[in-house]
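Heads up, there are several structures right after this.
Here come two complexes built around chain A, the first alongside chain B, the second alongside chain C.
The block that comes next holds the complex of A and B.
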């Protein structure tokens, strides 16, 4: 069966991968691989590679493997074998065509979700190995076009959607004005030095979902939070450079965020419902810069809502009636253990919460994370077909609403719901919280 | 600060404004800003739907606007704001909008003495900088990293000078960005251009550039250094020699380069926010000698005291002999001076301020929601609802403390002899 699937697969055309690989020479490939392996890896990679006994226990952890008819090439170990395994075996003497295919594996067939790490008897972190492959591909200029364009946007604007500085501020002021229709004295305070909280979002919010900023403004004003948003670059916490392997740009955009927060003298950064951005500011980007932990505490929206509800700063007028289930985002659940707080929040605001199975840290990835959805339309069919297991998992809940407190999960799940005709709608927590919370004047 | 010697250094306590007294006059009052000399306090106030004003010492600006944001005092105590009328934006200075109006205005900038006021603007989808109400003649498709020279009216920004469409990644990588100086772009194009530095006379402009996706260096007046690096940070320009100094990353570690050559033997996990002493003889920077630890290094030699969370806001004393910064460990801030941290810990601390004679260091700090001023580690005056960064008198004998207490704004002159 697996062979049949392989034979019928169409080669995906992607200018970033194809044209990038066309420019390569064997010597260049060998030189870059040698430089990355010698200068940027060490015992960790060696231990992982030397330790794997090919037991296959990681396989069933991978949603792509399960959704691709258990084709071994899509197992975590299989993906390592097809990429880093060959690179090491051939001591970097691999062809441009190989690099092109390795890039497709690393960027579009692994979400770096780290579910498999939990099932490996030795704790081998396949995500780390595939990030090294991505780093090599970045250094060779072989990256999918859409995500590379996003990395370019980060490099110029410090946000992922080419949003110009005035457009950002104008959007906040527009949302503030709209929200004053509902709450006349509402403010989205810009550049307020000494506020307790700097609120940061990812660029799709001002670009496509400004209502989320509106809802948050209502929440902040209702709860009486002393907050601000920066009117300078550093407002976008997203980070596709982390996923292309462009660590230098990753560091630059993370520095922009922490510099903005430090300049504004805030005590913490509260971020919207995004998973990969949390990973970038809480784990990867900050550490590349030399901070063991974020220099200014990062609070994910789940935790922020939890704190507000626990403290009674937000009260619920009437719980949400429709049945809901929760998709645990990898980066804030396996990455930060926010799953119980998410459940507390959801039970506080919803009447009928139905668990999906598996859940919490064992939840299946949405197959959008890790930059996979950001590789764009060329890979969309492959992406949704590679997560039939997720479609079954959410359909089995019978819930009407799927809560996904992560932007990439949200978009990815919408694609899956549409492709597999699951009778369900996605929402962020803030969509529901805004709807059910008590507001001044209620 | 300009004109500091002409400020009132004699009146001990002055109740400038009872803010509570004006609260009922407006729908809301936004956060207040005190003038550098402490004589004025101002806030944006809402008068009606789409009608905003600025309240200074209890009195309103004569002009009102549809929208107002980013109220700030210039260093010479002029009050500026970004204002909108009939969907056009401008800068208002002491209540009067500039003649030039734009589709949007943001990022107000001041030269060191406050003589020059500038801002970024967008007009019909193109971008430039307006300085003292004079806009750039050339406009650009996009603009970032705006900069105003320390003394002169020179302005610069990273600008886009070539077209590329959505998803044209290879065209982007050919280079579409450069620096525009007073609206005139450099001839050289780069993949990326970031933060600038000006020499004090405005003759030298240096910026971080990326030559391709992997090669970073500093460009000086449009010419890249001969040496390239894995990464760089914003340069500074030596005020006497004109040499350009920037943190650079080589083989996974950071150091300092001058005109392209590495000048520190030390290597760190991070180096940034380098600063040159006023006499030009010392170079300091915030560094990370070991992973997760932060301190200051002077001429490559780092301090013993290290902070686990972060270090920021470094400043040399006027006589160049001393160095101070804000450090944070385990979530608590303090001030470190000459490798000795103060004993007291705070929830927040602002950039330390040296007295003109370099003997005393003061800082605004916050603890448990209350603000106060600390000199040499010792709190002066009481806890307040708000406070501004302190200013020493020109003779270093007194300090100006600006506070809000129980809804009243006070300006106080405290003699240092009283504190001791």
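The block that comes next holds the complex of A and C.
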């Protein structure tokens, strides 16, 4: 039955993958694979591959497998078999067609969420293995078109959305002006040397959701934080290069951000509600640059709100009335353990918090992260269909509001909510915090 | 095995020099695998050391040897029980079965603690049942079948063989002499296979857990079970 369904499924057309693969030759593929495996992998890959006993126990961890009728080709070990397994078996002598399909698996059928690591008796990191596959595909020039465009943008502008420097500054000034109507002496301080906090956002905020910067400006000013934002590249903490496998550009982006913070002599970087960006500065990009931990403390929004509320710097006027549930974003929960702080914040600002199940480190991924949503419209249908378990999980809470303190999750959940007709709205924490906090004019 | 003499010669060979070969390959091979691994880490991924933490390594290992502690074990209760019983019997039986103790006594004149025969017999049966269970799992469950390769069936056979032959010997079913020699050979093959096949998970499981446990504990501040 599964076979029949697969055959009738439309093959997805993506120029980046299809045309990229057309240009390849067998020799080139073998050479690149050899180079990546020899120069960039070592004991971890070897032990993972040698130790995996093919027990299939990781399957139940993966929302994609669970949502695709438990089709084993979507299980974590199944995806390794279809990619790295074949590559190693054939010693790199695989066809261009194979690389195209392996790229589709690695870029669009795995969110690198690492939930499967928690389910494997040996702790085998399938996400790591698939990231190596992405690295190979990147080096072969076979990457999905849309996400590649964002990597290009990073490379040219040091931000993800092709935003020019004057547009960035304009946007901040425009938000400052607007916010001054509400709070007359509000500032969004640009380039303030020696501030305590450098606030950084992902490029989609100034592009599509400048209101989030507005809310944060109100929060910062109310709490009396000595903060600044850089006017130069380095303000964007997002990082799609990390997900295309373009580690060199990832390194440049992260360096730009750390440099901006060092130039402004700030004590820490605070970032907005984004998960992948946190992963990039805290876990991946810093390591690529040779820093064991980030060279300057990085504080995710959840933790920042937590600190403000704990210290009483922000007071709540009246708690939010509607029932809310929380989607724990992989990158800051399985990636940084912020789940209890998130719950503290939500309980401080909302009256009625309902847990979804599973939760905390065991939450299901949104299926947008890991760059999957950034692979764009060609893969949207598949992405949304591959997360029916998520739809069920959030629907079962019966909550009216779904809090998603991560941009990728946020967009991914909106797609899921509309496709599965779940009666729910998504919000960031700051949307609610802004609404319920005491402001100086009150 | 036509005459008692040729049986004696073969028996002496498989239970003498070949045992030595098997143990040397097993111990030497295991040391080599560890050595090779450490060399690889030093050459390419030295940073791994800086992330390792005893505390979180042990936390992870203890979590995963405690029955029904990890979420996934609770999701598969039958498999969990079979896996524990299987692995315990697999490791304990060969070391403490009476027959092996007698051999050790004869060879080195050291006293060896032995399991009561009926218990050893039962444990052997558990290993065999475990192997059958794993085989059925591989054949029946789609998610297991899909990732199974020929080598997995071979390995299962390599593990089952010493126990099946040992069980038959003990119960004197079939040609005892032949089965005894097959039993010894099978045991030796299994021992030698450990460092060089997926059975090496016996050697590396603690290491993979220690690494990921440290990552999760120290960097991710999250549970890995």
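The definition used in the following text is that the second predicted complex is superposed on the first by the 441 of 442 C-alpha atoms of A that agree within 3 Å, B and C clash if a C-alpha of one lies under 4 Å from a C-alpha of the other, contacts with A are read in each partner's own complex, and residues count from 1 in each chain.
Here is the rule we use: a contact is a pair of C-beta atoms (placed from the backbone, for glycine too) under 8 Å apart; a residue touches a chain by one contact, two chains touch by 3 or more.
In this text the structure is predicted, and so the values were computed from the model without any measurement.
Novice: Just from the overlay, do chain B and chain C fit on chain A, or is there a clash?
Specialist: fit
Novice: Where does A:425 make contact in the superposed view: on chain B (first), on chain C (second), on both, or on neither?
Specialist: neither
Novice: Let me test your reading of the model: by the given contact rule, A:333 touches which partner, first (chain B), second (chain C), both or neither?
Specialist: second
Novice: Looking at A:439, would you say it contacts chain B, chain C, both, or neither? Reply first, second, both or neither.
Specialist: After superposing on A, A:439 lies clear of both chain B and chain C.
Novice: For A:361, select first, second, both or neither according to whether it touches chain B, chain C, the two together, or no partner.
Specialist: second
Novice: Once the structures are superposed on A, label A:50 by its partner contacts, choosing first (chain B), second (chain C), both or neither.
Specialist: second
Novice: Taking CA centres, what is the chain B/chain A/chain C angle in steps of 10 degrees?
Specialist: So the angle at the centre of chain A is 120 degrees.
Novice: Applying the touch criterion given at the start, work out whether A:395 contacts chain B, chain C, both or neither, answering first, second, both or neither.
Specialist: Touch status of A:395: no partner.
Novice: May I ask you to decide whether A:73 touches chain B, chain C, both, or neither, giving the answer as first, second, both or neither?
Specialist: After superposing on A, A:73 lies in contact with chain C but is clear of chain B.
Novice: Quick one: is A:315 in contact with chain B, with chain C, with both, or with neither? Answer first, second, both or neither.
Specialist: Touch status of A:315: no partner.
Novice: With the two complexes superposed on chain A, say which partner A:19 touches: chain B (first), chain C (second), both, or neither.
Specialist: A:19: touches chain B, not chain C.
Novice: Considering the aligned complexes, could you tell me the closest Cα pair distance between chain B and chain C in angstrom?
Specialist: 6
Novice: Using the superposition on A, tell me which residues of chain A are in contact with chain B and, in the other complex, with chain C.
Specialist: Common to the two interfaces on chain A: residues 292-293.
Novice: Taking the complex as given, what residues does chain A use to touch chain C?
Specialist: Against chain C, chain A makes touches at 41-44, 46-48, 50-57, 59-61, 65, 70-73, 75, 77-78, 81, 117-119, 121-125, 283, 287, 292-293, 333-337, 361-362.
Novice: Using the touch definition from the top, list the residues of chain C that touch chain A in their complex.
Specialist: Interface residues on the chain C side: 37, 40-41, 43-45, 47-48, 50-51, 60, 64, 70-72, 75-76, 79, 141-149, 152, 198, 200-201, 204-205, 207-209, 211-213, 216, 219-225.
Novice: Within their complex, state which residues of chain B touch chain A.
Specialist: So the residues of chain B in touch with chain A come to 27-28, 30-31, 46, 67, 69-70, 103-104, 106-107, 120, 122, 127, 142-144, 160, 166-170, 172, 177, 191-192, 194, 210, 213-214, 216, 230-231, 249, 251-252, 269-270, 272, 288, 291-292, 294, 308-310, 312, 328, 331, 347-348, 350, 366.
Novice: Given the complex with chain B, which residues does chain A contribute to the contact?
Specialist: Against chain B, chain A makes touches at 15-16, 19, 39-40, 138-139, 141, 145-146, 148-149, 152, 155-158, 164-166, 169-170, 173, 184-185, 187, 189-192, 194, 231-233, 246, 248, 251-252, 255, 262, 265, 267, 289-293, 295-297.
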